[in-house]
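Which chain is which? They are A, B, C, D, E and F, in the order written, and residues in each are numbered from 1.
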Amino acid sequence: MFRLQVDSSLDLVLLETRHAGMLYALVDQNRAHLREYLPWVDATRSIADSQTWIQGALEQFARSQSLNVGLWTHGALAGVAGYHTVDWPNRRTSLGYWLAESHQGRGLMTRAVRALSDHALVSLGINRIEVRAAMDNRRSRAVAERLGYQFEGTCRQAEWLYDHFVDHAIYAMLRSDWRDNTAR
Amino acid sequence: MFRLQVDSSLDLVLLETRHAGMLYALVDQNRAHLREYLPWVDATRSIADSQTWIQGALEQFARSQSLNVGLWTHGALAGVAGYHTVDWPNRRTSLGYWLAESHQGRGLMTRAVRALSDHALVSLGINRIEVRAAMDNRRSRAVAERLGYQFEGTCRQAEWLYDHFVDHAIYAMLRSDWRDNTAR
Amino acid sequence: MFRLQVDSSLDLVLLETRHAGMLYALVDQNRAHLREYLPWVDATRSIADSQTWIQGALEQFARSQSLNVGLWTHGALAGVAGYHTVDWPNRRTSLGYWLAESHQGRGLMTRAVRALSDHALVSLGINRIEVRAAMDNRRSRAVAERLGYQFEGTCRQAEWLYDHFVDHAIYAMLRSDWRDNTAR
Amino acid sequence: MFRLQVDSSLDLVLLETRHAGMLYALVDQNRAHLREYLPWVDATRSIADSQTWIQGALEQFARSQSLNVGLWTHGALAGVAGYHTVDWPNRRTSLGYWLAESHQGRGLMTRAVRALSDHALVSLGINRIEVRAAMDNRRSRAVAERLGYQFEGTCRQAEWLYDHFVDHAIYAMLRSDWRDNTAR
Amino acid sequence: MFRLQVDSSLDLVLLETRHAGMLYALVDQNRAHLREYLPWVDATRSIADSQTWIQGALEQFARSQSLNVGLWTHGALAGVAGYHTVDWPNRRTSLGYWLAESHQGRGLMTRAVRALSDHALVSLGINRIEVRAAMDNRRSRAVAERLGYQFEGTCRQAEWLYDHFVDHAIYAMLRSDWRDNTAR
Amino acid sequence: MFRLQVDSSLDLVLLETRHAGMLYALVDQNRAHLREYLPWVDATRSIADSQTWIQGALEQFARSQSLNVGLWTHGALAGVAGYHTVDWPNRRTSLGYWLAESHQGRGLMTRAVRALSDHALVSLGINRIEVRAAMDNRRSRAVAERLGYQFEGTCRQAEWLYDHFVDHAIYAMLRSDWRDNTAR
């Protein structure tokens, strides 16, 4: 019901529990694709799991602690993006995203992340947004790089992914960078 | 950030805690007007009170138990409308609304309540929406009547309003009525 | 252990968790009879369900939010009556009741509801008691009518009962009516 | 509203929050008298304190964990008696009581404790009731002794009473003793 | 990780959840032995049960409400001892303990209880420590007697042990006694 | 009461709520010194604040989520070190520490962090420990470097410190590194 229109082919839709069926179907169709870099895929086994996740996300949204949206394009759900826990005292947050395989290659996620970054840095007054991607997750890193997020370092063995540790590339956008970017 | 566009001059905006300042200002400018029929006006004494209300409403929204939107017209907040507790086993809810005095007379609320009724009865699968208005609240009753809500009776002394009891006129819209209305 | 004696053949007994066995047996013997108008019968499947209900009711009683009593006649439990959630700011409550089939026809429930109405309106300071009965529940409506409760309207499709919606007849007794009734 | 009639001049009344005013007044009139052996007197400073205590007691009653009654004689509240936490796995509880000074000397408390002991040992299936009294609290010990509670020992410095420790005399009644007592 | 060294062959170790496996194994190897006087043996059926117990004990320790330690001797866990709920207003607590069968006869528990008694009475400012043992639990009573705990009485049928009631011998140590003991 | 002896002049003591007075005094004497890099100093205004912090830390310890110790040297509290939230699925944690000014320069903290690192990586099975220090906090960074923690990058403006943002240097020790270090 509630959306932010990014452009003629992309809406960011606030996910409500009644969207759980649609969200679960998307995850289920992309298991192999998502499993490559996301740790929660195997534990998402039913619509009820997706519903629990959406409800938790909305409760955090109620307390200004996170924000998760569905990417909607031409009437279909294509992926999810959002801020995880917002650290208000330090005015910083981190941003995560995933896209269904069939929707890759058209810049959808880059436009979504640009809109979310702008909303956080300009409207919400966030000072630093962090993006963490697995070192060899080329597509995910490209989104951050395309938008001017700066590479800050590599956290070794930062995450356990089913059967191995992965290193994390850390990118960040500061509020001052964003203003400079936008000015150009 | 999240909105449902009703028409070119009306958006229904999901209220977030960062809107508390705007909401409180609207209540504060309309105290005498709102106090005539709303019991919570005197207890709303600061932006923090509005913020607490918004957070509570969003937490209920997270559990599919209520939905509250701000009416946005030409860049300004004009009023609030929403479903109170949804009774899912009986598929019914009740709907309340208030409008700033300066925005009255242009059909804003009727359009908002039409959109909310349609969303509830068609998208959410609600079967019965109730509207309760004080017997002599002519404007509030007119909104329900204009949309075809049916008058069902009068609950005497149903509400204590600061210093006197008021009788409630009960209106309701059933899902079957709505389909018939829309068909015509 | 705790009772309010109404007359020589009727006591109103505060239900304690140790009464769960007796209460469940009464429900179980009257399933077909109670199912006609009560939505919770099918979900009451064991003594533990009755015990959970009693404990919940006592916890609400502890916070002055409800009151449920067993009707005791000649040593036997005959039915249950009580106020549901009390709305203290508006000084109103609603009253519900059910009687085992074999105890019908002797005015037990009318005497119980008279005593509970008097307690609420005179001792507790309640201003309005509502009774809601299914339109075609002749016996239930007769109890309210016999005591002078006034009919206020009909809420269409107000309740889902297993496989169909039922309309509710609304009756109410105001504190001022009760004083007039009693004076006569 | 709810009572257990012990005899023509004594009712045991389940204390409800609306009795808080009466209970507080009784405590307040008997401060010096009660303070001699009860540790909570100084901390009871308003009707709200009595109300909090009653609500807590009723919530424990809802979970079958305690039972507190007011002693009612000739229309007046004379004192309080009750079981503290019931230890169901071991089927035992302890019993406490206090009486306003002006009501002493007429056997009221002995009759109340007899009724409560009988209810616990016969109706509730409790196996052991303990009474703990300060060693030099002659009146309190006399109640237990008169009913046949057996002295079991002395717990030295068991309680801090405002400015000194007091020793506790332990009395107990077993279910088997009670049956023998009653048989005689 | 954290320990209090009593002497060269006994450490008191704060039990952490990661010790659950070791604790469960000890209980499991001593079922027949422990079952003679401890009511919780049959309900301890897995490492998870021991883990739940340790976590609960640590949460009480966080609030200064109890303290439970493992007895560690020559690299092995030999038993458990600890204060149950501390009653701070009355500055008293009770102390319980159990030892694996194979570690009996070397004075381990007497040294552990001496250290715990000293810590409570001297460092924590506890005024009275109670030890309750089944009347015929010779070994347990001997520990208390050896340390100078004074016998205060017998609580008949105080505890239900699987299929019978047991009487409790009550022992207590007062702060003033302990100072005298230590002085000698 | 509970301690881990690191060497003859350093004990790591599990902080209990009764240590709050000592902890608060240390913070209070080092306000200017600690305030340079720690954000919580100004909000620590009483012994009660320290007590609340200790209790919270112990409750997290009970759930294996953190571990905080006091550094004890020659009978005095010199500082605090500990793991913050442990991320068990990814087997990683972060480590923080602070030392009173008068205890600097003797290697106390390096020895404490070595012991805590060893405990986490060897006994608890943690795979990655992160240390985050302000870029210009020379002493803090030196502790990590001395122990072989590897520098991984700089998070710009990661923390708000009273009136300015500070950049964070990220160091990490992996389990495999530690084994290699120790082997040498």
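Definition applied: a residue touches a chain if its C-beta (ideal position, glycine included) is under 8 Å from a C-beta of that chain, and two chains touch if they have at least 3 such contacts.
Note that the structure is predicted; figures quoted are calculated from it, not measured.
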Task: Reaching chain E from chain B through chains that touch each other, fewest steps - done: 3
Open item on the list: According to the touch definition, list the chains common to the neighbour sets of chain A and chain D.
Closed with: none
Task: Copies chain B and chain C touch via same or different residues, half shared test - done: same
TODO: Please indicate which chain is farthest from chain C, where distance is taken between mean Cα coordinates of the chains.
DONE: F
- [ ] Quick one: report the Å distance separating chain C from chain D, using the average Cα coordinate of each chain.
- [x] 33
Task: Interchain centroid distance [CA atoms averaged], chain B/chain F, Å - done: 53
Open item on the list: Considering touches as defined, can you lay out the ring of chains in sequence, from chain B by way of chain C?
Closed with: B, C, D, E, F, A
Open item on the list: Show me the residue ranges of chain A that touch chain F in the complex, using the header's touch definition.
Closed with: 39, 89-92, 127-128, 130, 150, 152-160, 165, 170, 172, 174
Open item on the list: Quick check on the complex: what are the chain C residues that touch chain D?
Closed with: 1-4, 14, 16-18, 55, 58-59, 61-64, 119, 123-124
